[in-house]
Amino acid sequence: MSDVINYAGLCSMLHGATAQIRANHEMLSRLDAATGDGDHGTTILRAMEAVSKTATEHTGTDAKSLLAAVGWAVMSCDGGSTGPLLGSFFTGMSDASDGVDEWNSAKLASVIESGVAKMAKQSRAKVGDKTMMDAFLPAVDALKAADRALAPKAALQQAAAAAAQGAEATKAMRAKFGRARNLGDRVIGHPDPGAVSISLILKGFSEGL
Amino acid sequence: MSDVINYAGLCSMLHGATAQIRANHEMLSRLDAATGDGDHGTTILRAMEAVSKTATEHTGTDAKSLLAAVGWAVMSCDGGSTGPLLGSFFTGMSDASDGVDEWNSAKLASVIESGVAKMAKQSRAKVGDKTMMDAFLPAVDALKAADRALAPKAALQQAAAAAAQGAEATKAMRAKFGRARNLGDRVIGHPDPGAVSISLILKGFSEGL
Amino acid sequence: MKKFINDPKNLTRELLEGFAIAHSDVVTVKSEKIVCRAQAKSTDKVAIVTLGGAGHEPALSGFVGTGMLDYSVVGDIFAAPGPPKVFEALRMANRKAGILFVVLNHAGDVMSANMAAEMADKEGIPYKMILTHEDIAPGADAPAEDRRGLVGCIPLYKIAGAAAEAGKSLDEVYAIAQRFNENMATLAVAMNTATHPASGQKIFELAEDEMEIGMGQHGEAGTGPSKIMTADQTADVMLTRLLLAIKAKAGDRVMLLINGSGATTLMEMFIVLRACKMILDAKGITLSVARCGEFLTVQEMAGFQMFAAKMDDELLRYWNAPCNTPSLTIG
Amino acid sequence: MKKFINDPKNLTRELLEGFAIAHSDVVTVKSEKIVCRAQAKSTDKVAIVTLGGAGHEPALSGFVGTGMLDYSVVGDIFAAPGPPKVFEALRMANRKAGILFVVLNHAGDVMSANMAAEMADKEGIPYKMILTHEDIAPGADAPAEDRRGLVGCIPLYKIAGAAAEAGKSLDEVYAIAQRFNENMATLAVAMNTATHPASGQKIFELAEDEMEIGMGQHGEAGTGPSKIMTADQTADVMLTRLLLAIKAKAGDRVMLLINGSGATTLMEMFIVLRACKMILDAKGITLSVARCGEFLTVQEMAGFQMFAAKMDDELLRYWNAPCNTPSLTIG
């Protein structure tokens, strides 16, 4: 198990995430049908297909420019709020991935933290608001807390586990953002589709490596 | 049983017809729901209420001016085709009721024949076309064939019977006019609401006397 | 019934009152059911008069105003106004220049119009009657009385109105309108029924997977239900029949209207128009005028009327002439 | 699903193609989803730019043209366009005179707008952003982020557009638009649901005898269902709340729009407007502008948005100034 992520590794991380969404988009739309308007699976799949397409077609071999291109491609998907949110995540990863082209666990943590921080600016949601942040924020904490000796793949596994827990926890929540917000108590018992997507994306990252 | 109809008799003839329609308008709308658009009862009731209102309020005591006013009032009802048709009937009665103000059976027959003739100009329908004419035309024949010694009330009873038979016969017909026309075979088995109305109006005429 | 109304008895009066409030600068309502211009046209120009039932808003009264109608006589919901009202309007419009009297081919309208016309004859009111019956549902060569007057009356008002505004004589206005009348065709399609706002009853039924081409303006049956088709297929079937009916060939110029019946969205009308344009391009026919919108509706019925007309320089000039009415403004 | 469409994937592209065919004299579509004027406005005048999802036709792009919008960026059905497209439009509109950037308060729109604005800042493109959030369903004094942008953006385009046309500076145009923005309020009511044209799903459910006041533009729940009321009762409940929200009192002048959501007929809108007029008369408030029609729809949803704004001489002058767009022409 390699202890750094290079450009090729980054690409397979991204493809791994897309694979997870491809396998689960119908389930994600069903979840959104319960708490929103039933299109989240379609939207997030469109976004992740754009991620893989960009990774495949990108010329150049540096993480920074690839992730910038990925962020731009995701934002170009006309995906309501999902496009800007997920797009900022990748753009934020790009911002932090300057110079260094071989990421160890520490660097990976800081890159993902920067992505989530950028997304948080648009999101304004905290843990407990029943959004993607309920998966992302615990994942970042897990990465930061992870043993520095741990290989990136293992660190990502812990992050994905934390995200999955966070997504599971959204079942108990009322939504403070998005369409689910208008449904009040009616969404209690249903997990937030966006949070589930994020946990799948992180799972895909680790499996891609 | 008086053997002539004077102005007062004419008025009660008209009120008698209205009474029949008042008692049956819901049934007539149900019939129209099967063969048309379900409003015939409402329309014909509106027309006959206008007839009675005019008969009650009319100043002057000659049949000609009363029937002209009645025809105008009926035509003013905005009743699709029913207004012009029934309106012409009364206008035609007015045309023929000149001078003579006491009608014997012969005069009554010619007055009603003139009304139906005027209506026929607008109608263009023949017996067998599943319209009001299927009630009116046999009624006119009955009046003309009626024994001249017969009192008007009795003559009208025969006319009403002939009209009722004619209306009954429309059950077997396909419609050549009106909305029912577009329904083709689907109206077979249903009597024509307009024909039924006319038979009720003639029944009311005789009962009014 | 799921409509924002009060007592169904007052539908026509109340809607006309609201109409007059919304458009007081352009129209006024006289003697309860006669809609006319706020500023009357000079009487040395031909007047355009029409009649028809309510419930088809914005038709017909939404087209009263400069460059189009002078008088519109309104009946009850889906029911023609009575001859006396129509006669009253002809009297109001009476002028030496004469009246073009536009009648849609529906039994009640025709009877009221004919009887009003007889009355006008007695008073020597100069008019010419034109009957629109451009529906091709029963077949383009079916007898005229079988072919209903659909949305085609509205572009006809526009063209006749422009000719009248231009000071043409009654004979000239009639000739121009009649030429347009003979070169136009409409075919309707319905996908969902509508509720009669007075009776509360559905005016027809269609299965969940069915549509019906040829459906009339009051739920009169068309050429029978068929399975739902895509927008492109529907446009192809309908436009092909229409182009045949107006004998349009390569090099010709046509006007197309996609007239929404009520619940069909502008989004869908645009998608249908796009399909029509591709068909016309393939045939080498020029699309000189194209409009999507609700001109003559059937309450909340889902569906549309596709209208096509063969145009020439003069007809195009009159179509493009300025008009200012509540529901059509060409500046 | 009962709609005249083709592959749902192509809805936006196809409808914009048809839109451009119907209105080629007024608009063109650039880089697939940016609608702009056929003849660009002189660059020494402030440009008006907006963005929003499709499926609300004629909104928003139906109001691109002389006197109103310069650029409208279209997203997918009910989904905001992505920041890059919006930025592209801001670049196209870029000019010394500056851009008034009108954004409706919906999560996706606001995120895209903010990110596009950041990009514009980096390039030093001069603009001012104005956020419409005139929905009073959550209460007139609810926090701004809870109040959605509804039909009010459209009269705002008209007034800002007229001020820009008149050569006002960006600060002036912004000030005028903001004054209108602060004096307007909208309340929506729904009676029947609509079908999402891409997913084919109903966007909400209402019982046969129910309506819902406060229903949003995408089926977002309102103040809960209530039994169906008459037009007069509905107008009373809604207008009373709106007049309170804009603090209209005797002697004031107001604009009213009755904006049909899709399946609600012009007949009903006129009946509702009539009721509103009676209420205003009783309160001594002047109805200076009244319009009924479909400006911003929600597919074939039955219902309407009632819009009210307090007007003054300047706002009225800009409202009445000429404009020529596909869906609003003031001569």
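Remarks
Order of writing sets the labels: A, B, C and D. Residues in every chain begin at 1.
The criterion applied here is as follows: a residue touches a chain if its C-beta (ideal position, glycine included) is under 8 Å from a C-beta of that chain, and two chains touch if they have at least 3 such contacts.
Since we're looking at a predicted model, the values are computed, not measured.
Steps from subunit C to subunit D, taking the shortest chain of touch contacts, total 1.
Shared contact partners of subunit A and subunit D are absent; no chain touches both.
The chain with its Cα centre farthest from the Cα centre of subunit C is A. Once the centre of each chain is set as its mean CA position, subunit B and subunit D turn out to be 56 Å apart.
For the pair subunit A and subunit B, the distance between mean C-alpha positions equals 80 Å. A straight line joining the Cα centres of subunit B and subunit C is 34 Å long. Residues of subunit A in contact with at least two other chains: none. Because contacts link the chains only in sequence, without closing, their graph is best described as a line. Screening every pair of chains for touch gives A-D, B-C, C-D.
Those residues of subunit B whose C-beta lies close enough to touch subunit C in the complex are 29, 33, 37-39, 42-43, 72, 75-81, 83-85, 87-88, 122, 177-179, 182-184.
Residues 33, 53, 75-76, 78-85, 107-108, 111-112, 114-115, 196, 198-199, 201, 203, 216, 218-221 of subunit C are the ones touching subunit B in the complex. Subunit C meets subunit D in the complex at residues 2-6, 11, 14-19, 21-22, 54-55, 57-58, 62, 191-192, 197, 208, 211, 228, 230-232, 234, 262-274, 277, 287, 290-292, 294, 297, 299-300, 302, 304, 322, 324, 329, 331.
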